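Heads up, the next two complexes both have chain A, just with different partners, chain B and then chain C.
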Partner chain A sequence: MDIRHNRLQKVARLHWYNVVDPVTKLLLALFLTLLSFQLTDLYFEAGLVLISLILLLLSRLSVATLHAVSFSLFLIATMILIQGLFNSQNAHPLVTILSITFYQEGVLYALTMGARILIIIFSIGFFMNTTTVSENATYLESVGMPYNQVYLLMSVCYILPQIQQNLKKIQFAEKARGINPQKTLIQKLRSLLPIMIPLIIKTFDQSINRSITLQLRGFNSPERTIAAPMYHYFKTKLSHYFLVLMIIILIGCKLWQIIKNFL
Partner chain B sequence: MANYQKLSINQLSFTYQHDRVPVLNDLTVSVPLDHIIGIIGNHHAGKTTLCRVLAGIVPHIIAGNLVGSCQLGDQSPVQDWPAYNQQTGFVLQDPHSQLSGLADTVADEIAFDLLNHGVEETAIQQRVAAVAAQLQLTAQLQQSPDSLSGGQLQRLAIATAIVTRPTVLILDDPTSEMDPQGRSDFFNWLKTVTHTTIVIVSNEIDELCEIADELWVLEKGHLVSHGTPLQVMNHLSPKWQVATPTIYQLASLMNWPLATKPTLFPVNFNQLRRCVNVNHSN
Partner chain C sequence: MKAKNINDQDSRFSTWKIHLTVATTTLIPAAVGINYIAKALAEGLKLPLWLGSLGTFLASMLAGPTAGAISGFINNVIYGLTLSPVSTVYAITSIGIGIAVGILFHRGWFQNAKRVFVSAIIIALVSTIISTPLNVIFWGGQTGVAWGDAIFATMIGNHINIWLASFTDEFVLDLLDKFAVAYLAFLIYRQLPQRMINYFKDNQ
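Coming up: the complex of A and B.
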């Protein structure tokens, strides 16, 4: 039996997003984000939110993404409240609730910003949920990226989950000892402050150990065999070229708008 | 002249960069290759640093001032580290740090070292299956390394170190998270390993006395005692605060010395069995 590449298991698990390579997913997230900043019409923004939401819903939804979405919805609601009431451009009343008036300009501004935040969260969530660190590493190395740059990139990807993991352990230990009940948001935030420095030091220490391990395990060996990509990706070069071209056009448009203001 | 059949450490001292106090202080010892060497000692004795020196991590990856020499057979961890590293397997104290983080399954994690050594795919398959069977990880091969328990993770760390068939295996407290059965299985497996020089740091003094050919006692960076477990355990100083094996404690309480050396008490089962037989026949 093929214990490393269990084909039967893979076929059973193969989804549509597995044929899209990690770089295309990342470029797509960047393209959608830049497009949302280029467009100012709220209907277009809503369309982009819908597209990125469909992408996310058609992929594997993780608890972390749901947390990120719920937190951003809370942020957007706060933005609408603040901008609707206090935006400097506010002129036309939109709605009055209990003698408090919300203005059209502020609400529209907050909705546009909120839509951009959602597009970023949804498209990055799609990338995060449909790729693994090993898939990214294998793919990047197979397309010619030097191993040390791949490792550097993967280390950066590991820092946040590692901090989260260490934080959970410390908070669990604190709860078990009854040091901090952490029931309210304020209590949770207050409990974070004293452990920030040990948390960062521990994570840094783990990163150093991982780097030692990789060297001991021959990651930089000249005999190293580059692993074949995990999936057969569809039209990778074409999608890369197309998305890079679109991104360049979008950046060009933005730069032209800025230059035009000075002319 | 250098002895190519020995692990020789000669006047070895080491101080970490930005530190003033040496962690290892004038260590001199030599032992034949293919032996099992147990390193014991209290906290901050220098056990992990000695393992790092033997693995070549110090001074190649972690900087510091290394004085003296260290030679394993015809190779030196200081002089030709890349070649030496290919012959060495190292298990870190923290098994989480041992993982590459670049593998989705246990099988891929074990295969990582072999891919780095340029081994062919068919050989990789065979070796991964064999090592997983040796360390009772066959059922976990398709699981994510993140889903393993502490003991399984330590076994995976050991699997990654032995899959390349190293001639030198350095294990820094490899059983700290294992349950008693797992620990016992591990030491029983270690006894069966041949043609490999094994250096193991452990607090499991009973098991060490069963399997080790030689014990080194470290105290604040000094090698205060070395020899067979029988010699070392019978000449321990209380100030080193090193635990003695249960068999030694039992035999000294019952006053069952070795028949051949009446001043020494047994430290492992075989020695105890012989003592009990002699005492019964008397």
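Coming up: the complex of A and C.
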């Protein structure tokens, strides 16, 4: 108890986002996403992008988030290009570059879509950067999620590095045997087989071993000790109820808009 | 190559079993890992394909559509939470792929190369039908693959309906991808040791 108390004190000194539970963070991401789909005004969208960006910057930036942003910015740029030129609603010219005219309607549509994408990336990025696999696992089990489902979700995060390690070994062995890079699509697909077959057999073999080990250790036993959550979270139920209510209202509004269009 | 009847008509797994056994619980993360690695290999070889559903195909073939659907779903959720948040919504497509593969395999549509051809078309159609609305909602109809988007841009430029343009963009890519994945899964499954296939079937 003392140990946990000390750990909580240590955590409390660390970061503000440690007192927000993982489910609240995910619900917040869902709420911001749904709100961005409810709004159609670009200024509001920009406001939401700013809010989610601040949320992300107040936590910490990871390389994965930066990769996701750079990939999406490229796609948003192609969206502006395609929609600005070819959107069926295009009527009012916005700008002409080298005799190519971009239209207001298409560019606005692409920017709105782009803003929504950024809101999703920033809000999910906030969740990603502020929670750990073990924190999520213990929290989900403590709130009543069946342990085999928790295991399913969390074990992926631990198994991936193991598979990547196997892949490197097999690729190294194949290179040592002198497999050359292929040129045509069929050749490339064929060259995958000598790597994929041993990798997949080894991966499934390891999962059989894991399954036997879990069975021997009584994975299916109904008597289990649930681990205590890692942090002391702030007003979890209140935040869950509030965010779920807001999400229901937003979904209701969207459905009402769709129904109204048919009436 | 050891040839064997890859589709036991007296399959010992129940097609729609929801209860997760320990064997399935450990198979699903492995399938998700295979999806990840296959996608990374495709990117590394600069293939114009994703190959990111190979693990889902194998999980459906080994343990039924439910295992495949869960593998696909978790794959997109994990991928979305670590690399590309928007891909989380495509979890619905992965569920559809997992279910389609499981049913087709169970009904003998992965027995030989000719049947795999038909299965690949059906799976590509399922994937396209589910993905097109998501593409329109999130990406204005684009798929994010340059040559597919070039088709989309050409069709939009010729005043063709955005839904039809997006469907064509997605279907062209999906068809090629699902052909590659279906044949890879077919060939890999034939190479799996019989004890491995039996283990996952017996533990359903």
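Quick note on the criterion: the second predicted complex is superposed on the first by the 181 of 263 C-alpha atoms of A that agree within 3 Å, B and C clash if a C-alpha of one lies under 4 Å from a C-alpha of the other, contacts with A are read in each partner's own complex, and residues count from 1 in each chain.
Basically, a residue touches a chain if its C-beta (ideal position, glycine included) is under 8 Å from a C-beta of that chain, and two chains touch if they have at least 3 such contacts.
Model, not experiment: these values are computed from the prediction.
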Partner chain(s) touched by A:Ala68 [first = chain B, second = chain C, both, neither]:
second
Which superposed partner A:Gln206 touches (first chain B, second chain C, both, neither)
both
First, second, both or neither for A:Ile197, with chain B first and chain C second
second
Determine, under the contact definition given at the top, whether A:Ala137 touches first (chain B), second (chain C), both, or neither.
first
Considering only touches as defined above, state whether A:Ser99 meets chain B (first), chain C (second), both or neither.
neither
Counting only touches as set out at the top, which of chain B and chain C does A:Thr184 meet: first, second, both, neither?
neither
Pick one for A:Thr225: touches chain B only (first), chain C only (second), both, or neither.
first
In the superposed model, does chain B or chain C contact more residues of chain A?
C
With both complexes superposed on chain A, which partner does A:Asn261 reach: first (chain B), second (chain C), both or neither?
neither
Answer with first, second, both or neither: which of chain B and chain C does A:Leu214 touch in the superposed model?
both
Touching chain B and also chain C: which chain A residues?
206, 210-211, 214-215, 219
How about chain C: which of its residues touch chain A in the complex?
20, 22-23, 25-30, 32-34, 36-38, 41, 45, 47-48, 54, 58, 62, 70, 74, 77-78, 80-86, 88, 137-140, 142, 144, 149, 152-153, 156-157, 159, 162, 180, 183-184, 187-188, 191-193, 196, 199, 203
Per the touch rule above, chain A residues touching chain C in the complex are 37, 64, 67-68, 71-72, 75, 78-79, 82-83, 85-88, 109-110, 113, 116-117, 120-121, 124-125, 127-128, 148-149, 151-153, 155-157, 159-160, 162-164, 167, 182, 185, 188-189, 191-193, 195-197, 199-201, 203-208, 210-211, 214-215, 219-220
Quick one: in the complex, what on chain A touches chain B?
2-4, 6, 9, 132-135, 137-138, 154, 158, 206, 209-219, 221, 223-225, 227
Chain A-touching residues of chain B, taken from the complex the two chains share:
55, 57, 61-62, 82, 85-86, 88, 90, 92, 94, 96-105, 107-108, 111-113, 115-119, 121, 124-125, 128-129, 132, 141-142, 160, 164
